[in-house]
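Two complexes are shown next, each including chain A; its partner changes from chain B in the first to chain C in the second.
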Partner chain A sequence: MSQYAAELCALLIEDQFGELFARIFTTLQRYERLPLPRLKFYSRLTDRQLHHGLVAMIQHHLVYHFTSLEDGNTYYAANPQAAYYLVRSGKIIQLVESRLGEYAARVMETILYLGHAPITHLETLPDLRYLKSETTNGVVKDEEQEEQQVEEQEEEAQDFDQQAEEETNGTNGNHAEEVHQKPAPLHSTLKALASHGYILRVKDAHFQSPEDNYIEAHKAASNRSDIKLLKGKRLTEELLLKTEEILRERTDGDLSEAWMVNGMPRGVKRKFANGTSESASKWPQTDQNGANGNHADEDEENDWSEDEDGFDNIPMEPGLVLRVNYEKLDVALRNARFVEMAEHNALPATAEVYETLLRRIEYVTKRCRDTTEIPREGEEGEQFSLPIETYKIVNDVDPTLDLSSCMGPLHPASEPLNRRGKRPLENGVNGDHHDDEEDNADNEISRAYEINQHLQLLEQAPHNLASHVRLSDGIKWRVGFRGLARKLRHLELERLVEMRYGDVALRVLRVLHAKGKLDEKRLQEISLLPFKDLRQTLASMQTGGFVDLQEVPKDAQRQPSKTIFLWYFDPDRVCSSVLEDTYKAMSRTLQRIKFERNLRRDFLDKTERSDVKGNEEKWLSEGELEQLQRWRDMEAILLGVVSRLDDMVAVFRDF
Partner chain B sequence: MASRVTEVASRLYDACLERFEADHLFYQQDLLALDVIPKGEIDLLLKCAQSLVDQKLFRLHQGANNRLAWKIISRDDAEKLQNLSPDESLVYNVIHSSGRSGVWVRTIQSRTNLHKSILDRCVKSLESKNYIKSIHNVKYPTRKMYMLAGLAPSEDITGGAWFTDGVLDANFINSVAGYIEFKVSLRSWYEVPAADRGRGKRIKTATGMAEVKSESEKTYLPYPANYSGYPTVETITSEVNQSGITPVRLPEERVIELLKMLCFDKKLVALNNGGNYKSLKKPDEVKASQSRKPAAEESAGSPILGLGKNGMTESPCGSCPNIRLCSPGAAISPETCEYFDPWYEKVLGF
Partner chain C sequence: MSRFGAKKGNRAPGAEFTWDTDPGGVPDTAPTPLYPAYVVPFARKLSEKEQSEVNYYRHLRERFHEGPYYSVLDTSSSSAKKGSAARANFDAFHGMPSYSGRYQKKRRTLPKVANIGREYETRYFPRELWQTIMPNFRPNASIDGYHMQNAAIGIKRGFEDDEDEEDEAAKRRATGGDEDDGEGDVDEGELLEGDEEAEEEIVDDDFEDDEDDMGGDYNAEQYFDGGDDEFGDDGFGDGGGGGDEDTY
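Here is the complex of A and B:
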């Protein structure tokens, strides 16, 4: 844990939960594992404060605790990962909202807000009871905030919107009760979230640090009778395997498989309005049916919610305790970045096809990578996703999406132009009505062909966003995660270099990355830059820490005239230093917010008074309202920057 | 006797002039085979050859197996050489022997064993007579080098087509690169014919996924992945040479160098292991980015970033030169930071 990351985590906790939590957290970060008496000594808190704080922090997974069987002591340790993810909660809620709708986002927000929660508790929460419950939402939130002694407002940009929402609702609050309140499908929403893998079951091991879990699992493994019989190399190998197995068993709270319906999570918002394609529950049959296509009509009426009504009546186990699965959410966020990359240099239709592929892949990908650290560049093997069959993508892609008219012809010279002109027309006809069976089958085949074309385009250089596997039963598509994650990292670095040193530097950097270590002369020959520019660029990049110089002396005297100087670019080193800078920039921005808030303390205290809050227009003068608006804009923009910086942290650390 | 030698020598010279080319290296038996020397008198041949060498009509060489050999010098050149002082002619010979690659002054000095001041004087006088010229070596820009005035320096010295007067000609490179990018771009994207465009547009707007384009704008579409019509190195080379933007013919290797550079710029991308090249930008985008003046960009204050932005490029901390020194409570701190206020103004407009 670096200095700035620790600083950032402490700031985030202070921002979100107040000073008590921050005090405990920083103490634990500074001294690492501590038993209660030592923690009390170092943090100088009273017993009461400490107990309350620790319990609440454990609830939020901010603190790990571990009771040793040997000495009976309980040790506490900080959980910097959970602390850092506080900054990502806004993004997570937004993602869930876009995938599963507003209510699911609200459920997610509540779970995030509570750290972890049993389903029985969620059932009792008034603001999850109804689909449209804006007023109760606001009020309950406030009450809870008081209960939890949370002084600060929630900080995410999304919460801003919500805050705004609350305000508007505050004014017409009496109106809301008349709004017809539909009982909310809490259980089916939870099942949808669970089947997407966004939430998971809390297990005892989640409260202990990964290291403790590993040691415990190791102990348990070595105490097994079958392991004890082994010796030497076999023993170590087997022990490692068993440890991993036990560890997985203890920490894996994945719920997605239990609630998936034939490989598709529930509650997927489908893009088709008319339901022309097979429903999710019929996937296994499409192999045969795709060919003769007589299937489509029967399924036309199927909608997921109706389909699953039967399941919905079975509630989820009430004793189940849920928490947010950050690992899985990182996969979804990473896929969003991949789509962004595709959008940047491909047509919208192609990007949409790609997004559909990635969505499919997301369902079967549990985490971003298997190793805890990002391996060194060059030592990193490729890790492919599970391949996805084209027909699945065909069924998932919006049938109204025009795939054919956005690609040029294969042989422009040999093919007469009117032939090309006809193609989109033909398809437009086919795409609109599907009453004819044969037409439908034809259409599916041609769409599969078109989708393959689009994905092939993405497979080609320079995108390399997907790759195909050719099997006997057709083409499957997969994604090489490590290569793409590396590409994202380089993209972020290159953006930074372009901003700081210009496009000349970009070329030099790419040459160095492609060719390895080079002396100035060779570098010039490849990059075709005048010496003067080249030297200036290299020097300024060296000061910035992006490139380095290696000396190779020809003799023992190490005279400069008899020394070869080689320039090189070490992406691992640069990435880690940029990551540190990013942490630092985030914590400085948060500190700046604190400072700006202090500047306006008196004014903001007034706006947060319980009688003024919600009735700003009534109690504040025009100038004050304007000042409030400016402050809110400013805070929003600063928080926006923090969230953008978090995107970079995700690329450099999590993907 | 002396007159006989002169006469035979002059006949020998004429015969050589007739039989051998200017650069031909000939040996004793070659001269005897000319049938100019009566009865093959070795003694006479020696004298004749010596006299011709003295008159600078022959140049002495050391041929294979350390045998003596000669080369012929034209009468005009010989006249020039005869006017030189012995030191000068020594220097001239050294420079002459280096041919098109030129020779470093220090090398002349070590070969001739002349004193530096004498050498300087010789070089100066030769230069003033326009017999030799000073050249610029790309590999050793600090070395003073000379070669005969009538020769064009070889590519090793000039560094090839990209160099003008020993300096990399960035303007020339950029103009050729821009030309190539545009040409490749034209052939990497399918231009929807005008008649077809109306229909394509209607379909697109019907699905609501593309914005309405004005009629004058051209629509470019990508080719399918297995399209094979992307330009090759040969076609690009011939196109560049026909375009007339280069004063000299560019060989293929030079064009490949340039294409690789464009690949590093992520303007082009090599397909099929460098067999074909494809442009990443559409022709209209290429045109737009080339017509943009870099100076105007700078004056606008924000360079256009081709790669887009991220958190670090947007945040004031990302471009802060003193981020390493920044810490709360120090001289440079988030509280006293002077970058935030202008940044709010820029972003929020107040």
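Here is the complex of A and C:
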């Protein structure tokens, strides 16, 4: 853990949980793992502070603990990973919101807020009971309490009746008032989250550091009887395999497979539900429901597809303890990043097709990569995702998406269309195939063809966002994630260099990257730049640490005149130093927020008073309101900068 | 380095001291600037998505801050223990408790762990912290992990049961039965901890919300010291709750 990363983690913890946590965390980071008495000595906290702090930090996975069997001591260690991911919480909730709707985001936020939580506890939380719960004032709470009691009686029935209740809401007089508090589909939401892999089952091993887990698994493996029989090289190999296996078994809390339906997670927002067919299918439904128009919005937020209703009624195992699965969320965030890349380089329709492909791949990808560290440049083999058949993408893509208008005419497929005589002439362009039942098969084929065309477009250089495998049963599409992740890193570096040193520098950098180590003269020939410019750029880039110089002396005296100087660009080194810079920038920005808050402390204290908070309009003057708004905007910008920097960290470290 | 205008030749001596140089212009004799002027880059405006990300982040942070775990290291107030570091750092201008301070946001110095309506999965925590999670847990009651289950069930009893037990303990004390030394020790330990708790509790200078916030907690921790409640320092003594300690 580097200095700035450690500083950043401590600042994040302080920002979210206060100074006590930060103190414990920094002490643990500084002294590595410690038993309680040593921790007390170094942190200079009281016993009670430590005990309470540690419990709360373990609850939030900020601290690993490990009880050794030999001496019976419990050791505590910091969990920098979890601390860092605090900064990504906003992104995670936003992602869940865009995928699964507002309520799912609320559930996710609650799980983040609790650290880990059993399902039984989530069921009891008042703010997860209803779809809209903007009212949590004292008066309403009492009502809610009463309602809760009623609800509890109905609890078992509730899940089953949920659908039915929606239907009857309109006619039933009692329920009409609490339309804004429709009972929430907690279990189906949890299942949707679980099947996406965004949450996972907490296991004992999650509370121990990865090293401890590895050592324990190793011990367990070497104690096995079949391993003890082996010797020499075979032993080490087998031991390694078994250790990995045990380790995986102990840490894997994946829930996604259990709740998948036909390889698709439940609760996926169907594209066509948001498309034009909305007007056709949704509005009649609400008419049946009665006068309450609220349903339309809420239905839109939670579009559980109809065929899964049977499964949704089965509640999840109540004793299950859940936490957020950061690894999987990284996969989702990475895919979002690739889609962004596709949007820059291709048409919106193509990007959408690509997004569909990536979504399919995301369901079967557990983590971004298998190794913990990013391997060195050039030592990393390409890993392809599972190939996805075209017809699956055809099914998933929004049927109203206009695929053909941005492509050239489909010449090979024009023959089968023509066999129907005058149809193409009547229809003009191939637009209105939908109304014709017989054309469906043709339509499928042509859509598949078009989707293949779109994906082929993405397959082209420079980014090679997808690649295809031709098998006997058709074309499958896959994505080479390692190469793309590397590409992202390079693009990020190039962006930085261009911003800091201009386009000349960028050209030099690309030349160096493509050709390897180069003499200045040779470099000048290739990059077609005047000597003066070249030297200036190279010098400034060397100061920034982006390129470096290697001396190769011709004789033992190492005279400069008889030495060859080679310029080179080492992406690994630059990446790691840029990563450190990014950590530093993030921690500086957070410190800035702290400082700015301190400047306005008296004012902000006032806004946080228990009587002012919530009714700012009533108690604050106009100027103060304006000042508050200005402060919020400024904090938003600073936090936005932190989150942009976090995007860079993700590229350099996580993807 | 031109030290004087005279050295340049074409200017009269003393010309650099003239009054009518352009405003904002740097005189020739000024030292070379240490840092060259540079353009400060501006952050682009937040996109809609980023804005909502930030809002979610802030919302979650707000929840953490409002939650039971957020705790600062020292809220130095006049109610701090005499001679302690918190007392020394006391800000005499802003730190005095005042009436308008009753709405001020209160900061904890200790995360509230037990009795906050949150169920802990005890098996995920190390043994030495179990007592923090469940104040009723007796570490020396059993060594074996299986007995632990019983203890875990034990905490689910309501307070009525506790009071019964307290009565029992009082009765035992009244009869002067010293036969169970071991348990007596435990009681003492609890008593001590109760006191410590009380002192810690005073540190966060709550006024009235104390009972609301910590009502459940309070009973549990005052488990064994029966007599203290008669002073009613949790009931009406709160207005000057902070100051009371000083007069002792």
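Here is the rule we go by: the second predicted complex is superposed on the first by the 549 of 655 C-alpha atoms of A that agree within 3 Å, B and C clash if a C-alpha of one lies under 4 Å from a C-alpha of the other, contacts with A are read in each partner's own complex, and residues count from 1 in each chain.
The criterion applied here is as follows: a residue touches a chain if its C-beta (ideal position, glycine included) is under 8 Å from a C-beta of that chain, and two chains touch if they have at least 3 such contacts.
All figures in this text were calculated on a predicted structure; none of them were measured in a lab.
When the two complexes are overlaid on their common chain A, residue A:Val511 makes contact with chain B while staying clear of chain C. In the superposed model, A:Val324 makes contact with neither chain B nor chain C. When the two complexes are overlaid on their common chain A, residue A:Ile637 makes contact with chain B and with chain C alike. Comparing chain B with chain C, more residues of chain A are touched by B. By the touch criterion stated above, A:Val202 is placed in contact with chain C alone, chain B being left untouched. Once the two complexes are overlaid on the shared chain, A:Asp402 sits against chain B while remaining clear of chain C.
Once the two complexes are overlaid on the shared chain, A:His51 sits against chain C while remaining clear of chain B.
When the shared chain is aligned, chain C comes close enough to touch A:Leu114, but chain B does not.
Residue overlap on chain A between the chain B contacts of one complex and the chain C contacts of the other covers 637, 641, 643-644.
Every residue of chain A that touches chain C in the complex is listed here, in rising order: 15-21, 23, 36, 48-49, 51-56, 58-60, 65, 67, 74, 87, 89-91, 93-94, 97, 105, 109, 112-114, 116, 118, 120-121, 202, 204, 207, 321, 605, 608-612, 635-637, 639-641, 643-644. Listed in rising order, the residues of chain C touching chain A in the complex are 43, 46, 49-61, 63-65, 67-73, 103-105, 107-113, 118-121, 123-129, 131-133, 196-197, 200. Chain contact summary for the complex, chain A toward chain B: residues 344-349, 400-402, 405-413, 417, 420-421, 424-425, 428, 453, 456-457, 459-462, 491-492, 494-496, 498-500, 502-503, 506-507, 510-511, 514, 521, 524-531, 533, 578, 581-582, 584-585, 588-589, 591-592, 595, 630, 633-634, 637, 641, 643-648.
Here chain B touches chain A in the complex through residues 139, 162, 167-168, 170, 173, 189-190, 193, 195-196, 199-200, 203-204, 206-207, 209-210, 221-227, 229, 257-258, 260-261, 264-266, 269-271, 280, 303, 305-315, 317-319, 323, 326, 328, 334-335, 337, 340, 344, 347-348, 350, going by the rule given at the top.
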